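To keep things simple, chains are lettered A, B, C and D as they appear, and every chain counts its residues starting from 1.
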Amino acid sequence: MANFILYRLFQSAIVMLIVALISFFLFNFVGDPISNMVGQETTVKDMDELRQRLGLNDPVIVQFGRFIVDALQGDFGISYRLQRPVEELIAERMPATLELVFVSAIIAIGLGVAGGLFTGLKRSHWFSKFILTTSLVGISLPTFIIGILLIYIFAVKLNWLPSFGRGEVVDLKGGWSTGLLTVSGWKAIILPSITLALYQTTLILRIIRSELLEVMRTDFIKFARARGLKSRDINYGHALKNTLVPVITVTGLQIGSLIAFSIVTETVFQWPGMGALFIQAVQFADVPVMSAYLILVALFFVVINLIVDLLYFVVDPRLRAEIKN
Amino acid sequence: MKDVSISKWWAGVSDHDVTYSFLHSPVTIVATVATILMFAAAFGASFLTIYTPFDPGSLELREAFMPPAWEQGGNSEHLLGTDGQGRDILAAIMYGTQVSLVVGILSVLLSVSIGIPLGIIAGYYGGWVDTAIMRFADIQLTIPPILIALMIDGITRTTLSSEVHEIVAIPVLIISIGVASWPQYARITRSGAMVERRKDYIAAAKLIQTPTAAIMVRHVLPNVIGPTLIVATIGVAVAIIIEATLSFLGVGIPSTTPSLGTLIRIGNSFLFSGEWWITFFPAFTLVILVLSVNLIGDWLRDTFNPKLR
Amino acid sequence: MAVIDISNISIEFPTRRGVLTAVENLSLSIEAGEILGVVGESGAGKSLTGNAIVGLLEPPGHVTAGTILLNGRDITHLPESEMRKIRGAKIGVIFQDPLTSLDPLYTIGRQLTQTILTHKKMSHAEAKARAIELLNEVGIPAPEQRFDAFPHEFSGGMRQRVVIALALCCDPCLIIADEPTTALDVSVQAQIIDLLKNLSREKGVATMLVTHDMGVIAEAADRVAVIYSGRLAEIGDVRSVIDAPKHPYTRGLMDSIPQIGQNLKTLPNIIGAMPRLDARPEGCAFNPRCAKSKSICRQQTAPLIETGSDGQWAACWAYEGGNKYV
Amino acid sequence: MFFKTKRLAIAGIMLGTAATPLAAPVQAENVLRYANVGDAATLDPHALNSLVTLMAGIQMHDALVMRDPTMRKVPGLAESWENIDPNTWQFKLREGVTFHNGNPFNADDVIFSIKRAQADTSQMKGYVNTIKDVKKIDDYTIQIITEKPNPILLDQLVNVFMMDKEWAEEHDVAEPQNFKEKQETYAVRHTNGTGAFKLESRDPDVRTVLVRNEDWWGNETYKHNIDKVVWTPIANDSTRVAALLSGEVDLLTDPPIQDLNRILTSKGLKVDKTAQLRTIFYGFDVKSDELRHSNIKGVNPFKDSKVRQAFYHAIDIEAIKRVVMRGLAVPAGMVIEPPINGYRAEWDENRLAYDPEKSKALLAEAGYPDGFSIQLDCPNNRYQNDEAICQATVGMLAKIGIKTRLNAQPKTQHFSLVTGKETDFYMLGWGIPTMDSGFIFDYLMHSGGSWNASGYGSPELDAKIEEIRGIVDPDERNKIIGEIWTQVQEDIPYLPLHHQMISWAMTRNLDIPIEPNNMPRFYWANLK
């Protein structure tokens, strides 16, 4: 077990290293960092000095090493656009994104699992067919259209919910600001989180349904029925549990995607998170922010994948056995 | 549909069953008809409409903001109205759909042409080749395509001048989306190739010293291409959505050759001002297009390979 | 009274090309302590019959005619909630592949106790004791230790023993064993057959042994029913049927009598193959392959006709003069 | 749909860990919720000369001289002033004023602030570059000595905000932030002015909260009832309008003009309009020998005034006004507005007529009967519908055979093209904070003007422009100004489009005077 975790950690470290390398090249070779840093009056001599001082004349491997050390200490340089340390910018916006993703993930998993179970277990119920058709429409609606639609209906027409922003936020200790402690914060998160969750909900719903249909065809479910087990035990004990491994994989990936898709949602809802920061960075070619965001998102993915791996363990005894050997 | 029918694998499936299943799925029929119509309208745009919405010289600013023909102030010359530059919305949608389809299809073709060879190689050889390819695919698969596409676009935007960027924007977008989505095709192909590898006819082919490449192309490929193409159908829908999203975010297709996503972004600023048609019709077209392709993909999957997801 | 008494059941599958009759007018019964072998080619309808008894026909298949009596009680069209209580309790089922019959995510102990507790009112500790006793009974060594093991930790034969234990756990009066040995090694097959035989004898359980392996039948069954294309072709005492098959199809089967372990996928001594359900010929389903086919064979289905005094019956016009089963 | 603006104290609606989670409403507060398209890039009052930065600055800082809602100059931190001699101005400072941190305001702070605005890193140098020295007479009297007589010194001082010397030294911000070199200083996110509002919290691009300064000296003069201002930049047009329509903000100073009708027809909302001191125009590069982006090589067609006239005749300004600007613009024939000294209606109201045929004829005469290709550089987030105007222009030019590639980009990139003088044909808007033509001459007509990307100018013209800087006599000055304009109107280095109109959309219970600088001052506002 410990070996397995170590192995996985090692693998994750390699992934992070690769991402860091990409990010490093992005940072250092896409656009000249010096000309991005200095004004137009700077002389060639000054620029060379600066180059020397920043160590840009060192061998690439040395520079990369320095980049890694800086990154490990959370130092990603200064944003070209906002003239502030990137890590500060990201730290300020991370809570907003993570809270949005958290609420969306709960919605997506909750609705996805419930819908998937219903449609998987009651295949021919009219409501299942309704859910499936709706979910296909859900997949076909781009996130931004859903967002615009929701704003139009619930903010403008009905005036029930705010159309933008996070509402009132409360600063907690440790630099975390939360919108989940105020009424207006909760109101503000409803539309964006639904928008963000919809696509993932349909994906989770469909994967659970198709896994469930597959499991329901297996011999051990037939055998369980032949043993006269209660359908509740069969459905939720045996069938659902056996769908979990693929479902956990997909759900893990989807939660990761939520972070990436929050770029769109944050743009539509003016949600002050990392995604909005990133899209502005792309538009303004703000390379330090882009490379830091890339590393951060990769880190999230790696962590989620590690959690997924550990969950496999909890769920599937065969894996536990495999690793033991 | 059509590309699928080319493959040998199609022949293995009872024609009778497929036709039957198709004819008894009204939704699929409607979706197919809608898709064909949209394809025809998109690629026949230059024959079907007199307007050339993206030739600035042909625009009449004085005809801007005309509502659809059936609304008060509408004009039958502009069936779906005009936008803020006097562009005919219907014509803009036709040309925009063309861009969306081209980007969607070409990027999927690119993904497929990266994914299938790598998948076959991984599945056929196994061992460390397999591990290397699939580990890489796994890593890339964890990062959503939209993020990869955004990154690639961001880099090209930084390195290229705006003039050059405008020219290469569409190819860059196709490459971004294409490169971002190959792993799923590699995965499917690989599992197929692994199954084929163990079959007797492959052993026979090896015995008579058929070159490996020939075995892969002549024997393995035809057997794995079917499922891949089904997934590719849905892939087209996904690619169209990614393109639209990027364009909506303002980092995709430039407004000189707008796609549906660009049209929606442009129209979005008129959402509250009463000129709903500028954003509604492109959005509606996009949704119908994606929905139709998805429905066809779903049907193909259910009919030919119920186990695929 | 027979434990299970099936008379004249038909099982139909409505499809878009019309209704397929998968099993037609089939009757058989099994006494306590008796093993009835049910033999036939793949798709003949033998497994369907077993499924029909426990009410596990896959929709849209359903029983359209006839009755199934379990200890005299009509269970043909019991509602699912009633049927569920019979399954596992009164009727135990064993499937072909022990590798896939067990839920891989639960310990075998958990699966056993779950089944026991579903049907019997007892404490968890009692259920565990019962489960260990069962494991012992089916010949699992060191059952206390193995109780907490997962299915993947057992070999195929051991897993089939666990499956049998699961089928037995509520003292059923009928066991339906659907190809219980097909997926196992030859040496293990014999052990499992012995186990089934002993259980049937000692506990007086009626056993329906579905297989396409004549060797297994010869080894284990008391009586044998031969099914061809959804219809009963011949039924009788195992020795009589093997030694003196009456139906031309059975005869063909016996001529190509296989060794233990050889499957009846094809019958080299009979030309052609079993017809598809939707292309079943008029009259006797076997007539196109039958060397002695007469004109009546091509027009009318033969009823079961008694061919001897020892309860051997065959559905063949060749015995037209004998007692007909109604 | 419209609520009375909620002015519950935030603490009241917080579900915090406090013992009374949903406490009874605390004393009602007047919160003005303001949204605009983009945030101030810095809060350092001397680091950047841009509208939004000035707007942010003016809420928290005072200048010696200020303006009232009618744009008259009124006393600010200076109670009175007099011109002792042509080069010397004496200011009597207001006594008893304190900075937000409690430090007293006095002559040292004034001297410090003006020197700070003159520092190398300051971008407000243009307002103080004629000042040679600032002398302290006593704690509340100073003298400003200029190099030459400066007729517009007071207008310039309006934009120079007073900072606290002690505070600046304490936080190591005695020099302005070097904006170009992306320096990060304490003053970028913190302020300590004497102004009407104190900075409560600042989250760049997200939210800035200002609270009423109860000790402000101007609370008597400007009776406003705003306790708190919550300023949220919302970049997306639709979202910004949606926020106003749904009652989440009270004031937009840059509503998308296509949405004004919809706002007007919404219950509880109103739109105030006024002419803005900003004119939109196109600039031609008339200096380079070859255009950067054109199929014509070896010669610059824009050097030929016939080509410039041809472009002028090709613009259907009425269509742009009606369709793109929804009527909210005044077509212009001059690049300055009526209140500016030097303006003449007969020029402004007599644009070259829309006449594409004449354009073609002129192009043919100039030797381009088949037209040529160019690039139009255009901002896409600076002026009202800037990109749409440029797009419309592309179409109009196409009709006379000019193939135009539109290069629309965010203002940051666009302005660096203009100030870098790397553009052939570009859109620019200009406003004049000093209300005098001299300002625009210095920047746009002088051959060395820092924003003169057209390269327009001649030694004679430069001499005249330099001359008026030192002339105090109005008649003599205006005569030369007239001469300069006559020349400019004839040469057409800039193709005037229109004077922008300002419209502010707000809730009906907000009362705030709209002013032509497009700079809301929240201490003029009242919420009912």
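The rule is simple: a residue touches a chain if its C-beta (ideal position, glycine included) is under 8 Å from a C-beta of that chain, and two chains touch if they have at least 3 such contacts.
Please read these numbers as outputs of a predicted model, since none were measured by experiment.
Contact with chain A and chain C alike is made by no chain in this entry.
With respect to chain D, maximal separation of chain centres occurs for C (centres as means of Cα atoms).
The pair with more inter-chain C-beta contacts, choosing from A-B and B-D, is A-B. Located most centrally within the structure is A, per distance between chain CA means and the overall CA mean. Here the spacing of chain A and chain B, counted between their Cα centres, is 24 Å.
Here the CA centre of chain C is 91 Å from the CA centre of chain D.
The centroid of the Cα atoms in chain B and the matching centroid in chain D are 46 Å apart. Centroids built from CA atoms put chain C at 52 Å from chain B. Each of the following residues of chain A touches two or more other chains: 148, 152, 156, 267, 283.
Multi-chain contact residues of chain B (touching two or more other chains): 268, 271-272. Multi-chain contact residues of chain D, defined as those touching 2 or more other chains: 238, 242, 245.
Contact between chains, using the touch rule, shows up for A-B, A-C, A-D, B-D.
Here chain C touches chain A in the complex through residues 54, 56, 84-89, 92-93, 95-97, 100-106, 114-115, 118-119, 150, 152-153, 163, 166-167, going by the rule given at the top.
Those residues of chain B that touch chain D in the complex are listed here as 55-62, 64-65, 84-86, 162-163, 166, 255-256, 268-275. Those residues of chain B lying in contact with chain A across their complex are 139, 141-144, 146-147, 150-151, 153-155, 157-159, 237, 241, 244-245, 248-251, 261, 264, 268, 271-272, 283, 286-287, 290-291, 294-295, 298, 307, 309. Within the complex formed with chain B, the chain D residues making contact are 237-238, 241-242, 245, 256, 258-259, 261-262, 293, 316, 319-320, 322-324, 375, 388, 391-392, 394-399, 404-409. For chain D in complex with chain A, the residues that touch the partner chain are 1, 10, 13-16, 41-42, 179-184, 188, 203-207, 232, 234-236, 238-240, 242-243, 245-248, 410, 412, 420.
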